[in-house]
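Which chain is which? They are A, B, C and D, in the order written, and residues in each are numbered from 1.
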Amino acid sequence: MASQSKLKILNDPIYGFITVPSDRIFKIIEHPYFQRLRRISQMGLSYLVYPGAHHTRFHHALGCVHLMQKAVRVLRYKGVEISAKEEEALLIAILMHDIGHGPFSHAMEHTLVEGVDHESISLLFMQDLNGKFNQSLTLAIDIFKGSYNRKFMNQLISSQLDMDRLDYLKRDSFYTGAVEGNINSERLITMLNVVDDQLVIEEKGIYSVEKFLIGRRLMYWQVYLHKTSLVAEQLIIRVLKRAKELISEGKELHCSTALSFFLNNPVTLENFDAKTLEMFARLDDNDVISAMKEWMHCEDFVLKNLCEMIINRDLLKVKIKKKKPSAEKMEERSLALQKKYGISEHEASYFVFDGKIENQAYKREKDNIHILHKNGKISDVVKVSDQFNLKALTNTVTKYYMCYPKVKD
Amino acid sequence: MASQSKLKILNDPIYGFITVPSDRIFKIIEHPYFQRLRRISQMGLSYLVYPGAHHTRFHHALGCVHLMQKAVRVLRYKGVEISAKEEEALLIAILMHDIGHGPFSHAMEHTLVEGVDHESISLLFMQDLNGKFNQSLTLAIDIFKGSYNRKFMNQLISSQLDMDRLDYLKRDSFYTGAVEGNINSERLITMLNVVDDQLVIEEKGIYSVEKFLIGRRLMYWQVYLHKTSLVAEQLIIRVLKRAKELISEGKELHCSTALSFFLNNPVTLENFDAKTLEMFARLDDNDVISAMKEWMHCEDFVLKNLCEMIINRDLLKVKIKKKKPSAEKMEERSLALQKKYGISEHEASYFVFDGKIENQAYKREKDNIHILHKNGKISDVVKVSDQFNLKALTNTVTKYYMCYPKVKD
Amino acid sequence: MASQSKLKILNDPIYGFITVPSDRIFKIIEHPYFQRLRRISQMGLSYLVYPGAHHTRFHHALGCVHLMQKAVRVLRYKGVEISAKEEEALLIAILMHDIGHGPFSHAMEHTLVEGVDHESISLLFMQDLNGKFNQSLTLAIDIFKGSYNRKFMNQLISSQLDMDRLDYLKRDSFYTGAVEGNINSERLITMLNVVDDQLVIEEKGIYSVEKFLIGRRLMYWQVYLHKTSLVAEQLIIRVLKRAKELISEGKELHCSTALSFFLNNPVTLENFDAKTLEMFARLDDNDVISAMKEWMHCEDFVLKNLCEMIINRDLLKVKIKKKKPSAEKMEERSLALQKKYGISEHEASYFVFDGKIENQAYKREKDNIHILHKNGKISDVVKVSDQFNLKALTNTVTKYYMCYPKVKD
Amino acid sequence: MASQSKLKILNDPIYGFITVPSDRIFKIIEHPYFQRLRRISQMGLSYLVYPGAHHTRFHHALGCVHLMQKAVRVLRYKGVEISAKEEEALLIAILMHDIGHGPFSHAMEHTLVEGVDHESISLLFMQDLNGKFNQSLTLAIDIFKGSYNRKFMNQLISSQLDMDRLDYLKRDSFYTGAVEGNINSERLITMLNVVDDQLVIEEKGIYSVEKFLIGRRLMYWQVYLHKTSLVAEQLIIRVLKRAKELISEGKELHCSTALSFFLNNPVTLENFDAKTLEMFARLDDNDVISAMKEWMHCEDFVLKNLCEMIINRDLLKVKIKKKKPSAEKMEERSLALQKKYGISEHEASYFVFDGKIENQAYKREKDNIHILHKNGKISDVVKVSDQFNLKALTNTVTKYYMCYPKVKD
């Protein structure tokens, strides 16, 4: 007789169900390091544009595990041998690949943990957990780092067609309601194969790959780089910069212990010790939002106004152009602002600024997507797609944004 | 190196993809007996009410195969041993369980093959194919018939919670757009288990079972027994009866060879020989529809009008009541019709008639749905569902319909 | 020539798009009072069970506006006169009906604003905004309060089949992935009509109403009263109670200005002045979560442990039974805990407790759902549904829960 | 008091509901000419590849009516005046735009009604019905023909972004399960506007237009020109050609009255009289399929085999290449076949043949898609899409297919 099932099942609006296939994986999920991802939004402040976009990094990580299970099943079906141990390692690696993300990650990488990318912090978390889990995560870490001898396993974790992208593009499209960016992750996985230790897509999947690249490009320009999200992210960067500035000048700012730690201590990869990791593990969206909610009542003109803009969603005006805005125009705006509020040029620079955004839908020089032809040959997807100029997608598109205050009476 | 995949994949709007997991199964699908199901609508004339309901028995059978693969995977995961041979047999059995359906099956069972049910004909087809496939379908046939020693396998094919129902309720709900009948087949399957060779649902699935029973009841009353479908089916029965009647009187009616065979030869289970099976295999929706399209131009008042009603969707008026309509009222209507068109009482009976419909959402005496409690005990779903009167669903609900011509000027 | 559209459109994963049909409504949405709802989760801590359930009260309110637009369109189509002014008032009323919710609303109503329900606070917000919007919200407020002479308008805002329920049941089902609770809101709206100033459902919608009631009941027992959500909510109540207790004893607890205000000042409907409203408007999920994140490092055994349980999702054990647990059993558990940690009976009571939950799927004595028959008669839905024991749904179902610490080594 | 609703509502799996907004439109739908579309598949034999693709032209026409209602609502909202009379005419025009389709329309246009396109036949049906409906369809006909003075109305019926395409691409994608071709029809409609009597898309809809063009291209190459559909369609053309040939030689072939009429009488637009129209109105998929089912038992080697191939889905082998196949290779195959079966070169040509397929995703010279910029300027979508080489989509892509029998033992 079969015993009552211990299969852990989580509801997921996208895939229906996500199963957690082993006790070890379940225990990693239960760990506070991982539970913390429940409090970190996958898309930062994008919910200011897309009110449905409140899904978390926790949920995305589980979605990746779901897709990885599918991928393993498909590859085995096609004769690619993957041992039970390798399978679990693949699942653990993808589960933890983003564990190093902090709140509003891109903004943080410019401020609180300047110069330390989230992949490095993910690795620190993994190594720390490896100790706590009796070194049973070593293979997962090797796959994650790309040091395991079967390269295709790392490609499942990190490449232009990895489980990470296949989940987040689908998930972000779903929760934003930007259905044009929806990609057919499950179909793409069905087309996967491995040749010479390299992940490939079978020829019949060529249209799905094209659609994937187009969808991805669309998500970038329409969603991730949406001008409102962009200005919100720029503002949050400036909030954290200003806070550090004020603190370095000796001002006192009310905020959480963890956030305070990072505002007061410059963090580098070199000095990222156990204490830093512990503090980092306490940091999530709530710390930053709560701080801004307090700071919008503080006395500093700059900080107060930046926080109000975000919290009340009364953002700067933003324009996106093909050309860099003229320096004169920007200076003119800055001067007007300085005059109006009696603030310095430096203070005005928090409200009048410009910058560059760029995106390349398909990076040809790196991690190319390979197509496996029926005759066994392999070639780059750009070459295969004959009817359609996929080459256009390999160009880097550059745009410029400028932000400045709305004129109010 | 893995060779290019031979995995057969079919697109399905409901499940995304259906994979055909073995060559033998693929060959059965390719056989003309099975291809014929592409030309038999799953829901008969229901498309007259639900314009999307044109899905076929072919598609449903594939959907069942998909769900059975899921069920096998879930049960194995929970420790139920199912050999590769048993798995294939289960898939073949569910693939072919409905192969004996003819066009407008319920109507046919009252007319062309009176008294021969489609299960019996399915078995005839299976046995015939078993010969053509080197006796490799024997185990599938045993499971289908319930003679295999592992009873739960038959329950996966035929019980109140079998893969057949789990697919057709979902599929019919999907294609009709009657979303209220949508059931969560995949969740229910996740809850399956086997105890003492008996299929059970784990306790946490109790709400899903309730929802399934409610959804099923709703599909019956709102869709399958929809008054327009009902009258259309009654009319098609009468078309075939009248055609047989006219032929028995020596009239000539233009129709296909296969339909002609069944109109001219009374078929019973006893005389259902190879020739009959061959003719049956040639019969599909096109034969019946095409015949009606010709007959609507024939000279017989009754047949002509019945056919016109269906083809032009200008049906009889139909009422559904809780009480049996009074014989007087019906006779009155018949007399008026006889008088108006100068037809006999017998002829009028094709247009003025009444009948009974009944449905029982949950049949308690047979194939009960068993719930497996966390403590290992097993009980009937009706007893478990404490907050809710599932007992009400065990009552047989009876209604009466009456049909008669619309009054036109 | 038509000018470039000013139609505001918001993406919604459920309805596709939500349009904001007037400038006034758009300005209300832009107000900080309303923007604050972006930071209040619709389902409190349910995301601990359903990782997708991070949708906000902001999004729900917009969904209600969408459904109300549909309802107005349907009713007008059927000849119910609704003026442009009434339409706008209906939209404003439903937009703001939940604006008085605080973070983890049900928990708050037992602690921070004990005895002040969110409807009363909604009204305070509306009245405040009415001042800021030149008294243009008066009609909306009258409809909301039920004092407008056309009663059916209030029923669209607040009854057993109002736009509120039609959105939140659908939305909660969608985001949790508990698809069994999915209801066909748009179909139900199509069936709406008004007779004698009373909202009714046309007869053909009877199955949809049944399905709605079943779905709603399922959402209660499977989702809203899920044992894990239940224990999490009980814990958050105890966190806030303990914090008030400690503060009243003179302990200092680090938290936000707004939360501090409510922990220090007993609030009643009578003393709910402008200052209180302003502080309430600053309160959202972040204040509570951030406080718990700090408090889990505090020195009080009770508060520290309660906060850890929630933040790390390492909750109390919870059982749900049909009978009230025996007082002896509970006391035994309390004593064991007191002994193990050397804490008082009072302190132990934060970890060992029991309670009652009840739900009635259809409240017959109040706001009955009325069915409009084809012959013009109107009757209660329970009477109409003949085949099915809807009466069972009118019973109040009562269950008991008990919570206590997991036994760890 | 509002009377019980007369609003006709049809379930639709895609849009949820389709409402029929006027009695006149409902009566057109009830007419046998229109009911006939229930028996004509939208996608011909594509169900041989995509088992879900059994949706009909009837359903598509209703879908178009649904989208047109949306378009009218959006345009009016933006200030484009559309009278009630014009609205009804638009709905009627789109409802009937495809009424002239016959069974397997593309095949027919090469055989049974050689040189008469379905638009011309649609117009004949409309004119006929105009007589039957007291000339109340005149405005609809003028809009359909493009002779009404408001040009944008014709563009809603027939242009690169008309309601026809917006429905069929979405519908075909839905029913085939080829989700990559899914387009966001409702979003595109929201972006519509009219400037200088010309349909335009507002600038913010640029990504949706791109996605639409990509999706459309994908549907062509992956679905409409799928090699299996292609060979099936080529076979059905040859079945009808062979049948005409045999009949012209005096052979007798069993088939329906209507099909017989077209096999025996050469039809041109000039001789398309009332009798021809009546016969055409009797023709649907059943006539062709039923004929093939009989003919597969006939004596002619060519016809018998062609019919068997389609009915049993045992098709010719087909290859699609970028280059035209060599004449020698094709002749070699033909000779082998002639020898094997002792058939003539002419007979063999029914089984060994090649041809050309081409598609242009965006036709720049005709019915361009115009983008309305925020500054009021209008330009072609190809020029606007700066990051992306939409120009590539204006190229005509040409491919070649060749078909020949499978080699069997």
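Of note:
Everything that follows uses one rule, which is that contacts are C-beta pairs under 8 Å (C-beta built on N, C-alpha and C of every residue); 3 or more make two chains touch, one makes a residue touch a chain.
All of these numbers come straight from a predicted model, not from anything done at the bench.
For the pair subunit C and subunit D, chains touching both partners: A, B. The chain with its Cα centroid farthest from the Cα centroid of subunit A is B. Two chain pairs, A-C and A-D, are weighed by contacting C-beta pairs, with A-C ahead.
If each chain is reduced to the centroid of its CA atoms, subunit A and subunit D end up 43 Å from each other.
Taking each chain's centre as the average of its CA atoms, subunit A and subunit C sit 31 Å apart. Counting partner chains per residue, subunit A has residues 16-17, 179, 187 touching two or more of them. Looking at the complex, you find that subunit C touches subunit B at residues 179-180, 182, 184, 187, 207-208, 210-211, 214, 217-218, 221-222, 322, 386-389, 391-393, 395, 397.
On the side of subunit B, the complex with subunit D involves touching residues 10-13, 16-17, 30, 32, 35, 38-39, 47-48, 50-52, 54-56, 58-59, 62, 174-179, 256-258, 282, 284-287, 289-290, 293-294, 297, 311-314.
Subunit D makes touch with subunit C in their complex at residues 1-5, 7, 9, 16-17, 75, 77-80, 186-187, 190, 193-196, 202, 372, 374, 376.
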